[in-house]
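Look at the two complexes coming up: subunit A is in both, with subunit B in one and subunit C in the other.
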Partner chain A sequence: MTVINIPSWLKKMRYTPTFCIIILGIFVYAAIFPKTISPYSPDIRFSPYGEPDENHILGTDDMGYDILTLLIYATRISLIIGVFAGILSLCIGTSIGIASGFHQGWVDDLMMGVTDIILIIPKIPVTILIAAYLHPSIWILIIVLGLFSWETTARVVRAKTMQIRNSGFVLSSRCLGFSSFSIIIHDIIPVIYPVLLPKFMLTIASAMISEASLSFLGLSDPMMESWGKMIADAFDHGGFIREMWWWFLPPAICMCVTVLAITRIGMIYESNEPEMVFE
Partner chain B sequence: MNSPYPILDISNLSITFLSDGIKIPAVSSFSCRIMQGTCTAIIGESGCGKSVVAHAILRLLPKNSQVEGTIIFKNQNIYRLDERLLQSIRGKEIGIMFQSPDRALNPIYRLYKQMFQPLDTHKVVPVQEREAHIHKALIKAGFSNPELAARLYPCHCSGGMNQRAVTAIILSLEPDLVIADEPTKGLDRSKILDIQASLQEVLHEKRTLLLITHDIRLAHTMAHHIVVMYAGEIVEAGPANAILSSPSHPYTRGLIQSLPENGFNPIPGCAPPLTNLPEGCRFADRCYQVTKLCHKRPAKLTQVNGRMIRCHRY
Partner chain C sequence: MVKIHPAGIFLSRKLLRYLLSFFCILLIVFLLPRMMPGDPVSNLVGEDIYLSQSTIDSLRAAFGLDTPLHEQFIRYCLQIMHGDLGYSYHMHGPVFEILISRAWWTLLYTIPSIIIGAWIGISLGARAGFQSGKWWSDVIASIALVISSTPPYLLSLLALVLFVYHLGLFPFKGFYDTYNLQSILYHLTLPTLVLISFYASRNILIMRGAVLTEKELLYPQFARSLGIPEREILFHHIRKNAIIPLIVLIALDFGFLFSGALFIEIVFSLSGMGSLMYDAILARDYPILTGSLLIIAIFVIIANITADIMSLIIDPRIRRSS
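Presenting the complex of A and B:
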């Protein structure tokens, strides 16, 4: 039996998220500078329902647009929705979690009550209702996705804050005359950061998936081309019936790869290190 | 130097904790006056309320506590101050050193940052002199290479080094009163000597030290005055040498006899639970000179030969 020698750089890559950072980097580049890598401008039309060939690697859609170009331009909308919904959710979750964990008492009761209510709301049906009721636009989508995904962050942050606020260094910070605000900024947030990052990344990933589901149901901004909307278009305009896999499969693969890369980067602090305990 | 004046004046301090509707009197009618530039030690066995007094001075007690009496620090009643004024006193005027220094330092910052932030908050020295000030404080605390020490994380340091770092942080703020709450708990003799050296440094700079400990040997070497507490009240207080060489109260005598060099004779029994205190003297059940009166009436704190004693025999 021959032993396969795995090169050391490849071995290292298994434990570091380098590969995932490169993948995410490519998508972010595509989102910021789509012009530099897309083969055509998104307004040029060719003959519709074209099969993949040397001019159009992924063929053309029902309107005659180049699918690769659409795919590259759609990266921006998908990422924007994910990142902004993630930031919104992180901000709300962290503030509520820290406030209730740090002050405890009635503040904690009230905020955790609100969190419980948000937690039991069935997310997707309510999001569909809101998106259908309001004029669908990317910003409303971001706000709705952000507003319905902070509660788990708040729970985790609250638990961590309660643990740290009783630790010796917070007590000594109080004894050195620091205000509660500066204790939160300098002592609590930096220490819970390793918990915040994976929560943030997971929220981005789940917001992107939710966006795709909503787009597929036709509830996204009709003017904004995202990966979810590309799949929906392929479904509505005959891509599935004609078995044009090059139309609906690439956006789905891009989606999966991005979500996987983001999730793996979020686990950056979970690698092979012993659990850190702050007493 | 002008004559010593009381920097901290605690009178009739009573602290009660409320827990599930049960009142726990942790400290009752504690009075003590601490003079500028001296070292006062509060000694007593675990659970006698020593640390509660230290926490009360900085108003660090939890919300379920009731505090009566007054604590006057430099003519200001601590319990009448608003939170912002109190924050300017904490650290800058009263520094407190807790047991287990490893926990008192934030594990994710270098020592330099941990020393810089309090200086920044209290504006002790102008910005351009801060680095030099930090290095000076580290040298004083016993670090021979302050540049290197400032770049360390708390996990790089041993327990003794962290203790010295905590001392450096507290002394860099130049507080007038330093409270050391059980600084030697659970340490071996060589570590205790380290801590003793850093506490000597506090006294050396003409600062006031309030030492809370159950290490009688440490109290003997450091303190000018000693306050002995038992079950939440003062049983004996006065000059350190007099009390430790000729203890008057049976409890103090018992404490000193329980030291290894004095025969290791522990006081029989244990302290009464604070929820169910006896009617008479709180030490009566363990006292070898107990009389009928001791069980009936609590003793009053009386002045005898320049010290305060709470015993019916005086």
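Presenting the complex of A and C:
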């Protein structure tokens, strides 16, 4: 298992998680209520290739749309893809992990075999191929990204479940006659929650990055404007060669900041306290 | 009864999994064009190609599209075993030959990048992890964290804007102006540097994390109490253990080198295998796309096997316990 430790100055600052939650909160607000903060409506067109001035803080793009408005409206698509792909992969990974860790035996062998097989399949090329055939809409994109990212979650959840399935409180619930389902819901999920959160957050971050990469290849929904699509448009329509940094840098910065904030929030439980062991 | 070496059991179990995953990929590649809406012939040869009715009929017979699915699949597998990945109507040539001719260019700069990136990652990451309290260790880790959380194409685009468009230090595109070593090296410098920084930053993060966990264990403290100098503890004791997860990842990098180079090649207009795939995506040239996917899959599986053998050699614990 690979461990990525965050730099110690990030850890030392006690308020970084709070800070990251505030940043993420701003983006979530922009995603839900873009109307309240965007300066214009997303379908008004101005003169194209405009430089930043007092009317358009970030200028206008090749079609004459206001870039700040696009940026705010794109937040929604980027976050939706990340969050829903994350939820899908979390659901699959958790159920497979708990099922194989809790029941063991042939169920475990079969499910971990499948997990290992899927783990080896090269994700990006397969996703590209599927996207090329499907001309995807946003939901197909979410399903494909979610279906190809649950394996590590399943493995971690399985290891954790095996660790606690013989612990005292699980055994006592079993003695009291609770069903497996109720034990899983009430005893196991609350305990494995601290491993689920970082996996969930990392999946969201990587789904957002994958979406941006697919947009860059022209493989996302052409009707939806995400941060990745904005950068791809800037590349295709001369934003880079004209050095219009106000066009491609804001979505890039938004993307990196969101990914970093999400990753940091996922590490909230990674403190210096020794890990609790349930005997 | 013949006693099989535990390492042999370990390897054969792994091999079985790899064979099964390759089978899955074959199945995906086989089923996608046949299950998609639309005419399977155009799904197989690519869109936007004008074919006469007689050609379509002969292709339908050649693919065996009227026979049951399992017969088609066996026919397909036999074709691939003979190295026949199909014919690209966009590029007017057999897919396998087109792929091979492009792949050399990609290998030319990806292999050095992976090796240099691994070297930088291991040496810097080990030092940064060992002296994690120092300010420079944090600076390195932060830079590495930012680079590795940037989408790969974005990093290349920023480098393109800064070094090519703004400063004019490097050429715009292509592998060479005139076909000689100097020109090729000049053209490849920037893409290679970007790729190196990408591989190095990920390796730094992982190596640093591994060293951080290892150095809290008892054996480095014991070595310290024996009076062994810090440098030696790091390079002779800790590094040996901390490097194991990274070796596997670096071996896998070699498997993913074609898809890793995809975005770099698009941004810097290098006509290697990545930009071949990009053109195939734009033109919906499906034979090229499926062909490159199969080549990537084979590379990934070979890399996985190499990683397993290497970890068997490096780590005696796997050799004994498996």
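One rule holds in what follows: the second predicted complex is superposed on the first by the 262 of 279 C-alpha atoms of A that agree within 3 Å, B and C clash if a C-alpha of one lies under 4 Å from a C-alpha of the other, contacts with A are read in each partner's own complex, and residues count from 1 in each chain.
Please note the rule applied: a contact is a pair of C-beta atoms (placed from the backbone, for glycine too) under 8 Å apart; a residue touches a chain by one contact, two chains touch by 3 or more.
Not measured: the values here are computed from a predicted model.
Student: Going by the touch definition up top, name the partner, subunit B or subunit C, that contacts more of subunit A.
Tutor: C
Student: Once chain A of both complexes is superposed, is A:R174 in touch with subunit B (first), subunit C (second), both, or neither?
Tutor: In the superposed model, A:R174 contacts subunit B only, not subunit C.
Student: Once the structures are superposed on A, label A:H186 by its partner contacts, choosing first (subunit B), second (subunit C), both or neither.
Tutor: The answer is first: A:H186 touches subunit B but not subunit C.
Student: Residues of subunit A touching subunit B in their complex?
Tutor: Those in contact with subunit B are residues 105, 167-169, 171-179, 182, 186-187, 190-191, 278-279.
Student: Under the definition above, what is the set of subunit B residues touching subunit A in their complex?
Tutor: Interface residues on the subunit B side: 58, 60, 63, 84, 87-92, 95-96, 98, 100, 102-109, 117-118, 121-122, 166, 169-170, 173.
Student: Can you list the subunit C residues touching subunit A in their complex?
Tutor: 17-18, 20-21, 24-25, 28-29, 32-33, 36, 43, 129, 132-133, 137-138, 141-142, 145-146, 149-154, 157-158, 160-161, 165-166, 205-206, 208-210, 212-213, 245, 249, 255-256, 259, 262-263, 266-267, 277-278, 281-282, 284, 286, 289-290, 292-293, 296-297, 300-301, 304
Student: Show which residues of subunit A lie in contact with subunit C when the two form their complex.
Tutor: Residue positions touching the partner: 1-10, 113, 116-118, 120-122, 124-126, 128-130, 132-134, 205, 209, 212-213, 216-219, 228, 231, 235, 240-241, 243, 245, 248, 252, 255-256, 259-260, 263.
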